[in-house]
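Next, two complexes with chain A in common: one pairs it with chain B, the other with chain C.
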Partner chain A sequence: MPKAKLMMAAILLFLVGCTPQKQVLEDIQLVGVVGYDDASGNKIQATVSVPTTEGGSEQAVLSSTTYSARSHTSRNIRQILQAETPKPFASGRVSVIIFNEELASRGITKIIDSLQRDPSVGRNIYLAVAKGSTKDMLSKEYPVGEIVPAYLKRMIEQNMELTFPRANFHHFNYSYYGKGSDPFMPLLEEKHGHIRIAGVALFDHSKYVDHISFEDSFIFKLLYQNFRQGSHEYKLGKENYLTLENLSSHVNYDIYNANTNPKINITIRVTGKVNDAAGTPLYQEKKIKMIEKTIQKQTEQDAEKMVDRLQKKGIDPLGLGDRARSRARRFDFKEWNQKYPDIPVHVKAKIKVTQGGIVE
Partner chain B sequence: MNLQPKENKLVSPYFAFYLINTMQVGVGVLGFQRYIAKSAGHDAWMAVITGGILIHLLVWMSYRMLKNSGGDLVAVHEDIAGKAIGGALSTLFTVYSGFLALTVLRTYIEVIQVWMFPHINIWGISLILLGVVYYFVSGGFRIVTALGFFSVILGTPLIFLKYFAVKDSHIYNILPLFDHSVTDFFVATKTMTLNYLGFEMLLLYYPFIKHPEKSEKWSQWGVFFTILVYTITAVESFAYYSQGQLKHTIWATLTLWKIVEFPFVERFEYIGISMWLFVVLPNVCIAVWCVTRGFKRVYSIKQKHTLIPVLILIFAGTLFFKDRQEIDLLNSLVSKAGYYIIYFYIPLLFVLHWLVLKVRRKKDA
Partner chain C sequence: MFGKRRQKKQDRSQNQSPRQTKTRLTFEQLMEKCGASKDFVSFTKSDKHPFTISYYKSMVNPDLVHKDLIPYLTRYSSLSLKELSREIPVENIEHTSDVQTIMDSLLTGSVIVQSRPGKSDCLLIPAATTEKRQISVPETEFSVVGPKEAFTETLEVNINMVRKRLPIPELHVKEVTVGKLSKTRVVILYIDGIVNMENVNTLKQRISAIEYDHILDSSYILQMISDNQYSPFPQLINTERPDRVAAVLSEGKVAVLVDGSPSALTGPTTLVEFFSAFEDYFLSWHIASVFRMIRLFSVLFSVLSTPLYVAVLTFHYEMIPTDLLGTLIASRSGIPFPPIVEAIILELAIELLREAGARLPSKVGQTIGIVGGICIGTAAVQAGLTSNVLLIIVALAALASFTTPVYQMSNTIRLIRFPFLIFAQFWGLLGVAICSAFVLGHMLRLTSLGRPFLAPLFPLRMTDLKDALFRLPFNRQSLRPLQMRPEDPVRFNSQRGLQKNDIEE
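So, the complex of A and B:
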């Protein structure tokens, strides 16, 4: 018996050598951002941004470098890129994936499918559409104290905490594969030596079709989800403007007769504070009531206009179809899609201004 | 042959809780969502509960049967069909246990292959895991039970990972309730019970529980806990995924772990898959132990003599089933066998055994 046990131990010991290929952090290159561009002849061009360190361990300088190549499939691009790099690529820490506008408007099905299948790609990563070439965007240096991959990731992340609606790879998949909603993602542009979010890029299934400006993304977010931050500027009277800072906002959908003759009422409840009202006295009860009313009216108008525009385009980033399905048995998506552009939608806003800052 | 094992080989009644629960929560919980959603859509989470209630009933039947036979499934078979046919039936059940072990092991290796190491040698990982299984099973039933205990303790906290998905979930996804026909609902319930398979091993290890009649409440609690785990997983998955997305997701639970974020670990699913080994291992060990126990009871072969051949056969089996389609086939074949065993065979045995004992008692009187 001891002999058998010894044999077992020996076999297990020898099997230690059978480990799959090792991935030591120093021996691989962790891709941070991938950008996809349109290229001629049914090809796509991919650009990857990889963090690199220069100098010894004492004064290492962190920077990022880009590689790019063209091919028909994204897997093959990886193979071609590999030919010019010192270490193998690893995609486990990709945090942002950017599509060029032209490519996105032709549809991104192929790329999405390949990303889906790769187990090393996370679901909490961000997708974005870029105005102009992503290669140019990624290969420039920006004076923000961060390398490009970290810059992009943090910028998108903190904006989604504020006025931009939450949208990561999981949300994209949810709408892309599910019925009754369409995906959206941030629209990026390069301006004055920085990258900025220009708005909300709206998709019709896999195709980029339209966008909402960054200023209006707050209204979109009010309609889309409950949240606790962000701010928006409203016009008060003829010349005055004021900014409402959101403290908490709740949205509620009432959908009637989803199967037969649908009608949608959206109620938004916002509690906020006004710090910046440019001369309007904020301590008078009457003034505050007036401000609340103005904000309410403008929010309702803007929101209804936005929903109407989405309906006319036949896209549904708010997931109205998905919500309607949950309100009716035997829901028929085909019928819904036909009716969708003409469904009457009413938005009701309830605004409450609670604070006016630390002085009266 | 003496039916009752020696007292120093028995386990306390409350271990029935862990034995039942660990056997039911295995590789199935990683990806059962799309299978039940296929027929009953967003209503399928209710099938998880109804399926569970049926399991409660079956455990109750098993206990009635075992109590009256004073032993295990082999004794029940002998009561009903005599030594020869009874022995053949017991052998079939033993073979089924072996296939259960093979299915669990092969499916787990597939997860490792697809998610972590696409280049891994199947024979290598299979040999290592079966070496570990040999180590535990050769230690006897008490060691296997201890492993089951640790598996529940280590595996259960993973359910809290669902918290990370809550902020991206729409609870309205599971509405409206009862949107599917009774037939759809029945099919989903049937599919769901396949994930509850494993409790029927109770029929073989029953004599190894000290004061086995006291263990019934623990077994029922074990089943209840399993239902809880599956229900939470199903509801959260249905709220997190859209139905169309779920259709494309093979391992919904694993993909859900992709959203988990800790400051010290970027991609949690790799840690989750590694921890899942502790959940999967007792499944294989208990099933393999039951195979050797079955052979001992029917053919009086010592358990340590059958253990190595059984492991070699399972090893050969893991090499035989190569790709997704074949593994899916193996899974559906074993589930089908399990389905007939728990829904037709156990109730049939229950009734027959009851009749046989009634007739016998009349004769004696």
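So, the complex of A and C:
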């Protein structure tokens, strides 16, 4: 017992200073969004969007303001920005990080490295590429009833529920640091006073090289993951169009001879509903069969075209290499990378239309 | 750490010789001592008969003296004391010459009758009067349905209320007198054949070992016989409901009634029992179970909500949900205090209101609550001294602590919030976790009359769980709680309890 008491006393005496650093909510600037632009002379320009309040505790109005500075390293930029803010910055609530197109195509290794070392930056935040200057994008106000950080975060979040493939910082890190896969992220653009997702920005390791249009992101998502929502438009006959709403989609990869003479079969199973078929009588079994066939053909064609395009570019956002590695022993990435552009990939789609809305 | 010291103290007190044997009074000295008080009366009715009557006017029922004593004394003036005691129509008349006994019974309202003044040989006729309060409705443990009787200050009435509910000879009542000055009668009740005598003996031994001059309420006893007197947690239940006492007695528990106290003690108890209101048994079991869960949740909420607020706002801004962030920042902006000061101010304000409400007469108390709650609250927010989010949290926490049905426990909950707050301020969520570990560790070590306090959760007693966090229907409660180690664990035949005796064609 006296030993325990002595220990307690010693702990109280010697560890009084061992308290974590306080970061009281209202005494820090919570950075919501960071935007990186390229600047002249090997510098980068960072713009941070910070929520602010005005009007006391009762009728407080939330708005956002931006600070921006240029330097060689992102840590130093933070130091420079600090010189003009009333409170210290805290990066624990960054929800979106945007890279400007030019900067992204030069490579984002340095920024990613410092970001992923920072323990206060979450892994469920979103990365994105922006067409045009991120500073302009962040310093504007958008009539959406939300401040810019919340707007961006929710916009990306809800699209990833729908037609956009899932891609947060964690997924980025996986495909960035892992072999046999390349990262991708949403491509943002500012249009008509709003920010919109323009497509999927594809990276060759750290460099932004190409993008898929937003319309085709559904096809990409079909190939990339199993999911439950989203919709896509198909052409039916010459003039007609219809929209397939996805109820559930599953993708399956069959990879043969990964080490020697690789061949890949991708099977997509989609169960969907057609609500918007522009006058096609959906109560007829025959018609539905026809619709299914058309959708199947188009999906296969589009998907194969897309994979082919990725292969030609030498990028692998679908993680084919990673999938092949997981199915083969003594897998050699060097050999794979050489063969990659010419690997035959076949996509087989199985479409099932189970609902046609209220018909009878 | 504390247990050892307590044992030593007990050893010491047992080694000491009882104080009473210091000097023996003679009868004359006693009479002289008593005569110094104005309310002591000693007289001889007339010269014709020799008996001298002495008593304390204030302690004796005058009707009894006038109607049942003096007429007989005058009628049988020639009889000896022994013969006289057979004639007087009062039971339990004692014939003694022991001065100590005479003094004790004189002071508890007996009339002494001597054959000759100055002679210590005398009759002791019990004629104590007691002023009784009407049996009233329970106030701290009010229930909407069920009996509306509460204990009063009179021991006999209280025992009567229990015995009325358990009319069996096995209900034993053992009396102990404690308190050097107050000579308080303390009564231990149990049902022989159900109770484990170990519990009774522990209780009896502890009560008779009490060294104190006056015992004015059962809460004195509660504190003095607790297993760990340094714990903020009450280890016996203090109840004012005779029905609750009857119910726990039949579970195999022991109850203590104290003369002059309108509440009984029952034990051994467990933590979960403090959160079960007796009304739970009057409601259907689903509803009662849900209410118990709500009560447990509200205790957790009450203890942890403000510390969590302080911890999150001081250290873990990352944890705040995005949708709440705007509201929180807005409500905190412009407040001159850090979260901990803000929280302590508000918590103290609530405690002030509560204390003021409890000290004032009930009519004024209500006004205080309204004035304090509404005026101070809104004014503090408008003045920008506190954030309205915290105001809501603190008010809800206070409200939640009121749901605890046992008053002593709700006081404890009020108190243990503050160490949590301090830990939250120093170490954030880690501090809250450390403090919880301390409290949990303390509760694990606690015992109530030597039985584990956290049972049936730890040690896990599956059979007792049926009436712990939730309450199963009565026909599933065929076994008495294992916690008390009852001599007869079976309440009723479980097979027959589950049968349905519906008449079918």
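Convention: the second predicted complex is superposed on the first by the 339 of 360 C-alpha atoms of A that agree within 3 Å, B and C clash if a C-alpha of one lies under 4 Å from a C-alpha of the other, contacts with A are read in each partner's own complex, and residues count from 1 in each chain.
The rule we apply is simple: a contact is a pair of C-beta atoms (placed from the backbone, for glycine too) under 8 Å apart; a residue touches a chain by one contact, two chains touch by 3 or more.
Predicted model, so just to flag it, every value in this text is computed and none were measured.
Colleague: Just to be sure I read the superposition right, which of the two partners does A:171 touch: chain B = first, chain C = second, or both, or neither?
Modeller: first
Colleague: First (chain B), second (chain C), both or neither: which does A:122 touch?
Modeller: So A:122 meets both chain B and chain C here.
Colleague: According to the stated criteria, A:86 is in contact with first (chain B), second (chain C), both, or neither; which is it?
Modeller: After superposing on A, A:86 lies clear of both chain B and chain C.
Colleague: Considering only the touch criterion stated at the top, classify A:179 as touching first (chain B), second (chain C), both, or neither.
Modeller: Only chain B is touched by A:179; chain C is not.
Colleague: Please work out whether A:41 is in contact with chain B alone, chain C alone, both, or neither, and reply first, second, both or neither.
Modeller: Neither partner.
Colleague: So, does A:322 touch the first partner chain B, the second partner chain C, both, or neither?
Modeller: In the superposition, A:322 contacts chain B only.
Colleague: Contacts for A:145 in the overlay, against chain B (first) and chain C (second): which applies, first, second, both or neither?
Modeller: neither
Colleague: Looking at chain A, which of its residues have contacts with both chain B and chain C?
Modeller: In chain A, positions 20, 92-93, 120, 122 sit in both the chain B and chain C interfaces.
Colleague: Quick check on the complex: what are the chain C residues that touch chain A?
Modeller: Contacts found on chain C: 1, 4, 313-315, 317-318, 320, 322, 325-326, 328-335, 338-339, 381-382, 384, 387-388, 426-428, 430.
Colleague: Sort out for me which residues of chain B touch chain A in the complex.
Modeller: 114-117, 119-121, 124, 127-128, 131, 134-135, 168, 170, 172-173, 175-176, 178-179, 240-245, 247-248, 255, 258-259, 261, 266-267, 269
Colleague: For the complex, give me every residue of chain A touching chain C.
Modeller: On the chain A side, the touching residues are 1, 4-5, 19-20, 22-26, 28, 30, 51, 53, 56-58, 60-62, 90, 92-93, 95, 120, 122, 147, 150, 153.
Colleague: Would you tell me which residues of chain A are touching chain B in their complex?
Modeller: Touch residues, chain A against chain B: 8, 11-12, 15, 18, 20-21, 92-93, 116, 119-120, 122-124, 166, 168, 170-171, 173-179, 181, 319, 322-323, 326-330.
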